[in-house]
Amino acid sequence: MKIGVFICWCGSNIKNMVDVERVAEATGKMPHVVYTQDVQYLCSEVGQSDIGNAIDEHQLDRVVIGACSPRMHETTFQQLMNRKGLNPYYVEIANIREHCSWVHTDKAKATVKAIDLVKKAVAKSYYAVPLHAESLPVNKRALVIGGGIAGIQAALDIADAGYPVDLLEKESSIGGKMAQFDKTFPTLDCSACILTPKMVEAATHENITLHTYSELEDVSGYVGNFHVTIRKRATSVDEERCTGCGECVTKCPAKVDNEFDQGHSKRKAIYTLFAQAVPNKPVLDRKNCIYFKTGKCGVCKKICPTDAINYEMEDQLIENDYGAIIVATGFELNEPTHLGEYHYGHHPDVITSLELERMLNASGPTQGKMYRPSNGKEPKRIVFIQCAGSRDRHDGNSYCSKVCCLYTAKHTILLNEKFPDTESYVFYIDVRTAGKNYEEFYERARQMGANYLRGHVSKVEPLGDSDNRLLVRGYDGSLGEQTEIEADLVVLATSIEPQQGAKKLAGMLGISSDRNGFYSEAHAKLKPVETQTQGVYLAGVCQGPKDIPEAVSQASGTAAKAIVLFNRGQVKGVPTTAMVDEELCSGCMQCKPVCPYEAISQEMITERAHGKARQRPVASINRALCQGCGACAGLCRSGAMDIGGFTGRQLLAEVDTL
Amino acid sequence: MMQDTFEPKIIAFCCNWCSYAGADLAGTGRLKYPENIRIIRVPCSSRVDSALVLRAFQNGADGVMIAGCHPGDCHYDTGNYHTRKRMMLLKSLMEFMGLDEERLLVKWISGNEADRFKDTVESFTSKLKKMGASGKVRDLRCAK
Amino acid sequence: MKPVIAAKSFEQLLKALHQLSSKYLVVAPTTEDGVEHYRPITQMSEEQKSQVERLSLRNQPPLGSVKPFLFPDSEIYIEFTKKDGKLDVQTPRASVPQIILGAKPCDVVSLELIDKVFLEDPVDGLYQEKRDNTVLIVNQCDEMGANCRCDDFGVQRSTGSADLLMSKDESSGKILLKAQSEKGNILAEELLKEGMEENPVFREPKVPVKEALESEKIQQAMDDFFESPFWEELAMRCIGCATCTFYCPTCHCYDIRDFQRKEQGARYRTWDSCMFPDYTRMAGGHNPRPTRKDRVQNRFYHKLSYFVKNEGALGCVGCGRCGEKCPVGISMDTVLNRIGGEVNDK
Amino acid sequence: MRIPQKTAASHQREELADIIRKDVRDCYQCMKCSSGCPFAEEMDYMPHQMMWLTNLGLYEKILNSKSLWICASCLACSSRCPRDIEPAKVMEGFRAMILRERGRTNVSPVIPKGVPRQAVIANMRKFRR
Amino acid sequence: MCKITEELQQIAAELLKEGKVDLVLGYTKGEQEEQSVPCIVTQPEDASKLIFDEYSEKALSKYLLEESFQDKKVAIVLKGCDQRAFKLMQDESRLGREDVYLIGVECPGMKWGEDLSPFCLHCDYRTPAKEDVDSLLTGADIPEAMQGEPLDHEDSFTDINRLEKMSKEERFEFWKRQLNRCKRCYTCRNACPVCTCRVCVFDRENPDYIDRAKDQMAQHQFYHVIRAFHVSDRCVSCGECARVCPEGIPLHLLNQKLLRELDKFYGEYQAGIDEVPTPLSHANADEPDFFGKEGKA
């Protein structure tokens, strides 16, 4: 072992406060140190060539640098090592600038400290091990889970870049929640008008394969090499044969509440999700089908001109390999029945915002007419209750659902435009309009007549009059008094919630959820679309409440991440990963749940002991996944787990030198 | 008299992403703090196990500091949650054995909290000065 | 005629010894948290002092033997520091004279066995120094303790290298001391100065002397027994801790280690145990005794066979400590009973 | 208070708008007018509340309020209103509406001691120079 | 002869006769009075050696990891605590359930000197669950003190409470006296049924985590802190560490202290009963932060 120690002056930055010659002299006496030098600027070309020459001349195999923070120039020196044919992890840096010369005022003491720090680095370098990053090929195919606007956008972007994408949707059509909306804020574009072209584009794109009525069954593997099983539920309609003529739907005798219209209309047991559904082929809802319930009927099968109805159809399992997975599973809306004070579910005229949205929608259950579910009359006075179940630690979700302020503004505007003689009252806690043109939109709502009352509603109750109206009891913060409003219709801005199956999916993908059940990004600021699991990205509301433009841009962000990955064609892990000493490891796997990247798995090894071959389990690190945090090594009782670059031996050597 | 001349030895384990960066920033900002601290870089505070802490004390450290990202900000998502769990246990056990658990300091310092880093070093150093040299966990062969 | 002196009571003896504590380190058996050990009397609480008489005169040795006072569990050879590139090596201070009060005959014999190893060429200096500096005041048991097998090993009245023999005259309550060596004589003189009286009679112990096991026979039986499956069974039961060896008064294996931090360190020896898996492991990783069976066998064969071959005596004094403390109840008897059986069967 | 089924008639709204030429709907209840009003303590409805009642169409409450006449037209509110609504102007508008309406008798409400009468101030403002 | 012993001998004899197992690992009468020691029976006729009584303290499960027990079909006698340890080994992939025939026994509580072991007094898992073992032998002669509800967990921490009431210096002196006697014979480690590493960290030469010197308090402290740490969340409260310590060091206090802290802040967890991962193998955001601004930093 031949170690060279180089102490940088950093001009006067280090030299003024640290006696660099003394540091070089003191460390030069350490075992294995064969060469020391103090240099004016180690990072400069001159400094670099000094080190290079010394490596050649003295056959150095390890280099210790006393200079600025390794966070500054570690790569500079590592590259130099590479050029010299030495492993970059044979360079060790003592931070004698940021941690010493710059923060101290007593030169003698600073010099002693600098000597300590360089000695510590030398001691660490005694036990340095060469490290290499693992690289693995990437399967250049993406899976997008969720066919809402975020999923569609992500799929389109990746497909446009020339990579195949599979788009998975659990409903029978893509489109997601946006398909249910009437208009979009703040421009009041017709939601369907801007969405359907994208849906069609996705369906017809040569690089996109749609898997509707399908769910994720199983995921294994890791970045670049995910192996996924998709369950395609039986639609009972042969896709190849069906022409989408709709005869079966017309003739089907079974009627059930239409979930798409929030129960404000009926659909058939064989149905398409909505008129512009993509793919526009019906599916048979076996739970409500008379044939499946009683064995009699079969009208659809009889009527179908292409004999596409197949009652014997079974779920299909499709297996595929992907390089990246984009999660865009969206959200659900909270059913506010638990908030008893709002009377939802007890009085038909207390509805949710999405119900109102459907009512306002020209292709909705009422063709855009407003009506009071209790008597079908047009409502004149509508009270909106904001944060119904959001920002409510007591009986709801503690977070803000983010979009309610804007869509309620949108509703009041639409109502005022379409039905100028309706009055809108909005009870709110705060109105949040962060976003381009949102404040103006809100202003417009107020201007157009919406009355915003600051204060939460404490109770909604039937007024008991002949019209069966409702009395909303609230408080007007401006006037500072309790305020009651007799309302024809009460609209609750219900809370956005993660999908029911979000947790299960998270488990399959190895990603984590926050306390509210939304998926956690890898870093709140700097890795907002990545997850802890490399190669899995988040788009849309599954990561947290957001509006359409945010969801779309996040989706494009995930697409970019996937495209970057595919373009590079391989994944390179960090070199400083965990390492298992199989001799010591007992395979107890206590480390497995500690790993935030699911990089640890159990593996059987064959061992010859006492003349017999025996299988035994050990922990095994997937070096492509491991990021080298060392939480496992901090836990491992036998010390079988170690971190490259920060081995137990190295850290002990450092501690022992100080 | 002794207190004036006694210079405690502090060994600090700083996570690469937050606390080490915070210490770097203190340097970049030319903040001044006592020379007593020696920083060891670790990828994450959860890399530090109790053996390293005790070894530092054995070797004559008067104080040991473990600094990591604030909870929720861990570069590796959950590392500092493990740190706080393990170190709480270590501190309780030290306290239970009558050892000076206050010589082990666990602190969350982010990459931009140079001031906090400086303040922490200053207050820890002066606290240790008041406490005097550590004797309870020290291997006497490291006494000199 | 060797001088016999008497103290009026044990209390007086203890007090007299206390007076000598500037010259000697005086250790005596007492209990600490319920565990019996020899401890310096100057460090004892009053409570602990009150235990000394009972334990010193009891017909059973305390758990901790006197061995650590002659062969401590850790002992420094040299200490070194490096300053300005120069190495400074120091050897530890010389040992102080010490008095061990209330040692048992089995302890005495165990030291004699260790003597055979440490005092023969090459002489172990550290041990010799302490041995020369130690005055043993030995109480001869009147009967056998519950776990004692000293009769089998013929040591129950052995007092060969004891410096003073101690006995209590039940009728008068006097503590009688009989000097047996030069060191004993000197101490007796000193004790006389501390107010003890001369006494013509020394009370001999009542313990019956039984015919001891013949060491060669045992050795032969052991050698014949080497291939027995018994060892495999015994090894399966053993959990591999070092209790038996660390409490054995005749075990004397040690390991030499270096301790170094920064520019200072020490080379020391510390007890090793043949029960540890790394006991015979060599630098290259090879271990001639890889299995627990090898190790268990070694312990018994060393005491009952190899020691006989090398030193002409059995390496056990039958004090019973190993069996008493073994967490899985393995004792010398466990083996002796079996080889007896095997021999008889032939 | 229960919001009445019939609020200000549209002709009243128009009349007010005519006088003040401001859209009170712009008000977002930041309450800056009230926080700077030197007479807010004396008022039964503070300036922001007056704006709010205007928006709710509860004109009767405004027309019967003391505040209208306590307002000194110091214009602090108007100069600070982030929405340029000029509350002082709105108040003035209501006062004008009252004065225009024949037979309105409650023009002289009880003014607390020490508070100058609005008319005096308005007068000073108009004719001081 | 008590009922369990009788049935045990029967089962053991049958198992051996039918060749279902190669050996039965249980207890037999020791050489000393009031002593039962581990016993391995390989022949049906030797089954009569087996007994089970209130001195059958040793946790047997750990033997299964020993080299000499590999590749053998073993039947093992397990008390509740021992079964927990077995379950933990199983959960930690140290051994497979199918390789071992478990004979669960109802534990009457073990002796601790003259009295009952304090561990047994608060044990609420004296008898393994029926579904966890292959045979379950009940009908032990339960002493009166053990008949009622087990002592509250908190009540079992009396010694900890006593120590915690002391001043820090008193506590230090207490442990100094105790640890001074430690000879690092590793009996506590070797007897502990959850100390199951292939190579113990204290046996490693490189890096040498621990120095062998026995005259350094710091090394003893190191050993005992780390040992307690490694056992902490996995301790099955069998009390073996304290029982086997030849120096009578109350080692279990360290384990129990950690167990109590874990219970207090992270919810109760009983190793070998509750599912893995054990508390120290996971951590999340919702756990208390002791080192934030208000914490006890």
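Which chain is which? They are A, B, C, D and E, in the order written, and residues in each are numbered from 1.
One rule holds in what follows: contacts are C-beta pairs under 8 Å (C-beta built on N, C-alpha and C of every residue); 3 or more make two chains touch, one makes a residue touch a chain.
Quick caveat, the model's predicted, so the values are computed rather than measured.
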item	value
Subunit C reached from subunit B - shortest hop count over touching chains	1
Chain labels contacting subunit A and also subunit B	C, E
Comparison of A-C and C-E (more C-beta pairs in contact)	C-E
Centre-most chain [mean C-alpha coordinates]	B
Separation of subunit B from subunit E, taking each centre as the mean of its C-alpha atoms, in whole Å	35
Distance between the centres, which are taken as Cα means, of subunit D and subunit C, whole angstrom	106
Whole-Å separation of chain centres (CA-atom averages), subunit A against subunit E	44
Distance from subunit D to subunit B - Cα centre to Cα centre, in angstrom	64
Residues of subunit C engaged with two or more neighbouring chains	259, 261-262, 291
Sequence positions of subunit D contacting 2 or more other chains	none
Per-residue multi-chain contacts in subunit B, two or more chains	51, 55, 59, 72, 78, 82, 86, 139, 141
All chain pairs that touch each other	A-B, A-C, A-D, A-E, B-C, B-E, C-E
Touching residues on subunit B, where the partner in the complex is subunit C	59-60, 139, 141-142, 144
Residues of subunit A that touch subunit D when the two form their complex	425, 443, 446-449, 451-452, 454, 476-486
In the complex with subunit B, residue positions of subunit C that touch it	79, 81, 259, 261-262, 264-266
Touching residues (chain side subunit E, partner subunit C) in the complex	30-32, 35-40, 58, 62-63, 66-69, 177-178, 181, 183-187, 189-191, 203, 205, 211-216, 240, 243-244, 246-248
Contact footprint of subunit A on subunit E as seen in their complex	67, 70-71, 92-94, 196-201, 204, 206-207, 209, 230, 276-278, 280-283, 285-286
